[in-house]
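Heads up, there are several structures right after this.
In the two assemblies presented below, chain A is common to both, partnered first by chain B and then by chain C.
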Partner chain A sequence: MLTRLFTALLLLAVPVLGVYTFVTAADHGWWMQPEVSTFGQDVDFLFYLILGMVTFFFVLTEMLLFWFVWRYSKKDSSKAVYTHGSHKLEMLWTAVPAGLLVLIAFFQMSTWAEMRFKGSFPEGEPFAHVWASQFDWRFQYPGADGEFGTMDDLESPYEFVVPVNQPVKFVLHSRDVIHSFSVPAFRLKQDAMPGLAIPVWFQAEEIGEYDLVCMELCGWGHYKMAGKVRVVSEEDYRAYMAGLQSEFMNTGMEG
Partner chain B sequence: MSSTATTIQPGEGAPGTVHVHHDHHELNFVQKYVFSVDHKVIGIQFMLVGLVMFVVGGLLAMAIRWQLAWPGTEMPVLGQLLYPETGKAISPEFYTSLFTMHGTVMIFFVIIPLLTGAFGNYLIPLMIGAPDMAFPKLNMLGFWFMIPGLILACMSFTAEGGAASSGWTAYPPLSTLAQSNPGSRGGQTFWLMGLTFSGVSSMMGAVNYVTTIAKMRAPGMTLMRMPLTIWALLIAAILQLFALPVLTAASFMQLSDRVLHTGFFTPTNLVINQVNSEAAGAAAGGQPLLWQHLFWFYSHPAVYIMVLPAMGLASDIIAVHARKPIFGYKPMVYSMSAIAGLGFIVWGHHMFASGMNPAMGMTFMVATIMIALPSAVKVFNWLGTLWGARIQLTTPMLNAVGFVSMFIIGGLSGIWMAATPVDIYIHDTYIVVAHFHYVVFGGSVFAIFAGIYHWFPKMFGRLMNETLGKIHFVGTFVFTNCVFYMMHQLGLAGLMRRTADPYAYEVFHHLKPLNQFISISAFCLFAWQIFFVVNFFHSMFWGKRVGRNPWRATTLEWTAPSPPGHGNFDYQIEVKRGPYEYASAEVDEDFHMQAERVDG
Partner chain C sequence: MDLTTCRRSSAALLAGAALLLTSGCDFEPHAADREYALSENNLGELADAPDVQATILGALEMLYGTPQEPKFMVTSDWRSDGYNPNWPTYPKGEDGGGDFTDEQLDALYADNTARHAEALALVEAGDYDAVADTYLPQALVQNWKRLMEDKAAGQFDTDGKFDEAAFKDEARRTLVEFYPTLRQSADFYRRECLHCHGNSGGGDGPTARFLSPLPRDYRKGVFKFTALADKATPRREDLFRIVAEGVYTTAMPSFRRFGDAELNGVTDYVRLLAMRGEVETRLTYAFLDAESITPDDVSESYLDVWAKWTDPNKEVITFDGEIPAPTPELIARGRELFMDPAKGNCFSCHGEQGLGNGASAWETDSDGVKHRIKDDWGHDIIPRNLVRGVFRFGRKPIDIYRRIYAGINGTPMPGLGKSTDANGDPLLPGDDMWALVHYVRSLGEKEDGFGLDAFSVVEAMDGGVDPLQHGAPHEGANDEHHGGAQAH
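And now, the complex of A and B:
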């Protein structure tokens, strides 16, 4: 009797506390960081869509599990229901999840295409080349001539400054091992692969400072491979570039 | 699909192995318990080694949890043990070794040996009515190949620079260039050799399981009369046969990159600590993406190697203790086959952020989303089995129900990861850690506990203590959920995995109390296992003696004596019906044994 009560309570606690944790998570900051990029909304919409479906099936199956275990563990000297299954039910619980899963699969394709497909990349030259190495980030800008790989290229560590409301394309490199360029607030993550130059794009929609986090194990210092993406207005962006430029002129070094 | 015309009679041994099982001269202690060719002894050997390694892997996890809750502070007890040279605090270098070795030990030396090694060996011949495995000596060799594997893996800790520290995924060039990572100086070489031994050991087992199930079933044991455990172990063995050669080849390639300076995975012109890697003698011209493809081609199916047998064990245990036939036996078999088939075309979901062609990402996404379907079908069928049942809440049943409850969570959270755009946010965060621990700990480990409680009386002729078993279950279930459910929350907040100090970022400062809660729960979870250890060893010698069939189950192993002698069955049997004839109206009792005596 005690076992029965305990087991039923434990099984009931799973969906109840599970849902409760998710509902109250935002109060403790145990929830997604706010998004500030163009595809951020699409990603979050998909997340909530899947969350809805998942929660429905989570509560349904866990409650059934709880109820069946409670209900059918009663002392009863008669035999169990003798059945080897039901064709109809099998069809039902294959077809319904299958339909939902196909729906999710197709629904997200456009978001993925927008994030990654060549066709959705902004036209023109990249803003910057981003170089990852153990354990820091370096940002290389084209300088006055607008071309990379020339003597007047500008370089700055740690902080990536980009204009707001403009598509920003950059090329991601690694000098040593695999790193990952991740800005949670932009819903952006791309591994930096040594030996590959990978184009990446995003468009930030709010001025501010956002964490740049290395998300792929890259050695003992992985935990501290931090950076910042600073989203500024068009004027501030031009002022920042001019500042970098004059710094370069004064010191005569290219960083 | 009737049974292959096997002429082997139970108790006689397969052709060519007759001598092994038919000799009546006394075996000495070493032949009987150490270099044994008896599948039951080998199964128990795998179980004991797996459980010992479980403690090792668990201790590594405790150290990880200490660091995440109180980074850089002196760790009590364990600190002295693990890290005596530089005080009792964990350095970031050592932390990377810790999680690398935790994953490696748990996957290759705990879960796989316990599920396929212990249960595969012990149960396959007994459940299909065979006197032993098809190749008993190969079987013994399989066990003795795992031992050097785990010794080499542990020796990794003694290497210069410390144990392997590039994660259990061992992505190059971090794993191949000694300059880039302390654990890649010497530890990684031991790690690769250990992995290779364990892989070869698993392959020997897999060949044996497939052959035994194909050729040595008792008369009347058709494929569709096999218990789901056997189906699951068969499918897992086939997965191993296809996937392990790829892992073995890949580890050899990485080993050769490291030792012979070939260039499979190391790209040209890397600069580490201002030194060009080629100038420092490293290879060039390779690509790490190649390793990722090869590694995940094995390691995704490996997840199913770890969860399919668990599903099989749970299905059988649920049927026995629910006193009711499995609901939808055939859909269960088909869905396991579908999981295995699809399991080979989803590996790219680990590489959505890696720079792989995005069109390929889309293909992998569709396949990955669809693999949720057979898992869902299985969950519904378990629920169908419980409906209208007469549930006996024994310890094995509690653990099997716990398995279902937690497998649901692990399965559902996978859908986020399959959805490529969402995965971009949660990839390499703690959501992933929560997800796979729900599958492998909540799933596989609970099924392993259920299996041990359930088949212990067959193995040792004695029951495990029910009271201790129930105490063990309740605590383990509660703490497991405290630990792993809350990791979803860490991951949603964006916390990345494999970080030696989460609080290096200001955005994660507020997660510290939550991390401390998780760590304290983890310590309790670890400590709570004492109830299992005590129960296990106490029951082995002083447990309540039982007869052949203490659970009143139907499958063939319960026809044999407890424990079964050499050759397993002491009389000739023939299988007359399916494995789940519970509550049938044909007999007065609520179970109808699968096999009947035929030699009179």
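And now, the complex of A and C:
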């Protein structure tokens, strides 16, 4: 009796603690950062949609498990009975998840297209080429000639400066292994593949500094591979570029 | 299965899981070195004299402290001058080093103010307990805790009443004038640097063996990249730049996520380790020369090495004037100099195409085996492949200028800035230095380093174009993304 109660309560603790963790996560600062990019809301909608479905079925199955253990456990001496199961039930729990998966697939299509399809990419030259390497980020901007790959390209480590409320396209590269360019506040994540130039875009809606992290285990220094995306006003963006430019032409006279 | 067996097997399962979870942990407290060690070379030289090893380690501990309590010994002369190298941000004469200029201090405090803005706002609002919850450097959290303890102990009470104005001043000062002590910087070093650079700065930390190139061994006092002429020992600014910007395409990343105060602090500690290593070697060879080490040897090497590191008269390589534009003529002139054995002679190591495959980068040993030449640390030298357009010390014109001017310390890369030809005239007069700089920079320009465009790969699969075919007609997105790279 006691063992039965204990086991059943243990199983009950799983959904209760699971839901409790999620509900209180935000109070502990464990939840997602506020989204600040144009497709952030769509991504969050999909996230919460899936989270809602998962929560429903998680709680349902866990409660059933608890209930079966509590209600149907027999004394130690009793013999188990063979049952063939229920075809109807099995069809139900195959068809419903399958239907939900199709639903999710349809729901996410427009968001995915907006983020990744070529047609939705902003026109024109990219703002920067972003180079991932073990274990830091480099940001390469066109110099005075506005072209990449020329002698006057500007380069800066750690900090990616972009203007606010403008679609920012950049090209992602890796110099060595697979890295992943991820800005959680933008709901943006893209792997960097060695040998591939991968176009990525986002549009940040709020001025501020956002964490840039490598989200693909890239070696022992992976945890060190941090950066910042600094979203600034158009004016500050020009000032920053002018600063990079004058630093580039610096001859050491100013110390 | 009866209940007891069941219980027993679950207990065994639990124990197994616990074992699995902790199997990666190292419970040996001595796994991390708690003391500075002699370098391998010096240890070899002193293998027969364990007492001398102990003498040297003792002398070094007196001069530089221990990893837990690192400090520069303050000589009596320094003390009477009011000079203390352990407090670089304090003005000289107030028991400080006065190592920073006023402008540098202002910049340092401005950086602190910006980084600790949230905490400062809480101080202004009088919400002192919430300060510890904001994001602060680990060392500053310690300082803040100490301040709050002082507050609780009644240190800010006048006539039994809490003097809020005095406390606010002190709290502001703690946050704005934050600068880690050497001990706190040693903690920082152990968290961020030790795993590659090692406990004694020997470049022999546990992760070092995975790296190519290997991490710097500070103890020779030779650092490859500085802005200084004459192979001088680096200034604080030179080391700071390396820490802040990293050494590109090596495992040394940019540490800009930490504030200027913390990075300057760790630079102090790196300097301590470097000086300690040099003194160690000097004492070792003093013993090998004279069969004994005198107190004079110790103080002399300490002061010598200190003077070498802190010499205020090191020449920073600058260029007075505007950088000449990289015209095709200037670049062509640079190519000439690159290939001229009497001038640049660059091709001998960097190769005629700048691919880093020149013949001089190899040597044949007595057995007739060809191998790469070695640098001061005994590692293989691979001359820079200039066509990649990636430079460890930065790709700005002045960075390349400084490399050509001063060379690379610890390697055969010569400094041409002060070289003269057979007639005693400057080797690279007028714009010749810049011609070479621009030529080297132009080599990187030709690189199609932008790789395959992800869209063009998809298009290629659709349309049968081979993206691997160099110069194959790319259309649409490809041109858009490649931009100028393809124009060349």
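Observations on the structure shown:
The working rule: the second predicted complex is superposed on the first by the 234 of 255 C-alpha atoms of A that agree within 3 Å, B and C clash if a C-alpha of one lies under 4 Å from a C-alpha of the other, contacts with A are read in each partner's own complex, and residues count from 1 in each chain.
Simple rule for what comes next: contacts are C-beta pairs under 8 Å (C-beta built on N, C-alpha and C of every residue); 3 or more make two chains touch, one makes a residue touch a chain.
Only a predicted model underlies this, so the values are computations on that prediction, with no experimental measurement involved.
After superposition onto chain A, partners chain B and chain C are found to clash with each other. In the superposition on chain A, the chain among chain B and chain C reaching more residues of chain A is B.
In the superposition on chain A, contact is made by A:P142 with chain C only, not with chain B.
By the touch criterion defined above, A:L196 reaches both chain B and chain C.
When the two structures are aligned on the shared chain, A:T3 is found in touch with chain B and with chain C.
When the two structures are aligned on the shared chain, A:G221 is found in touch with chain B and with chain C. When the two complexes are overlaid on their common chain A, residue A:M249 makes contact with chain C while staying clear of chain B. Of the two partner chains placed by the overlay, neither chain B nor chain C lies in contact with A:P122.
By the touch criterion defined above, A:T150 lies against chain C but remains apart from chain B after alignment on the C-alpha atoms of chain A. Of the two partner chains placed by the overlay, neither chain B nor chain C lies in contact with A:P167. After overlaying the two complexes on the shared chain, residue contacts for A:H84 are found with chain B alone; chain C is out of touch. Comparing 163-171, 235-243, 253-261 or 523-531 from chain B against chain C in the aligned model shows that the clashing stretch is 523-531. Judged by the document's definition of touching, chain A residues 3, 76, 133-134, 175, 194-196, 198, 219-221, 224, 226 lie at the interface with chain B and also at the interface with chain C. Of all residues in chain B, those touching chain A in their complex are 91-93, 95-96, 165-167, 171, 173-174, 177, 180-182, 267-268, 270-273, 277, 286-289, 322-331, 353-355, 358-359, 361-362, 365-366, 369-370, 372-373, 376-377, 379-381, 383-384, 386-393, 398, 401, 404-405, 408-409, 412-413, 415-416, 419-422, 424-425, 427-429, 470, 474, 477-478, 481, 485-486, 488-490, 492-494, 496, 498-502, 504-505, 507, 510-511, 514, 580, 582-585, 590.
Chain C meets chain A in the complex at residues 2-3, 192, 207, 210, 227, 245-246, 248-249, 251, 253-254, 256-257, 316-323, 326, 390, 394-398, 401-402, 438, 441-442, 444-445, 447-455, 457, 477, 480-485, 487-488. Every residue of chain A that touches chain B in the complex is listed here, in rising order: 3-4, 6-7, 10-11, 14, 17-18, 21-22, 25, 28-33, 39, 42-43, 46-47, 50-51, 53-54, 57-58, 61-62, 64-65, 68-69, 72-73, 76, 78-86, 89-90, 93-94, 97-98, 101-102, 104-105, 108-109, 111-113, 115-117, 133-134, 175-178, 180, 182, 184, 187-191, 193-196, 198, 211, 213, 215-224, 226. Chain A contributes residues 3, 76, 118, 121, 124-126, 129, 133-136, 138, 142, 145-151, 153, 155, 157-159, 171, 173, 175, 194-199, 219-221, 224-226, 228, 247-253, 255 to its touches with chain C in the complex.
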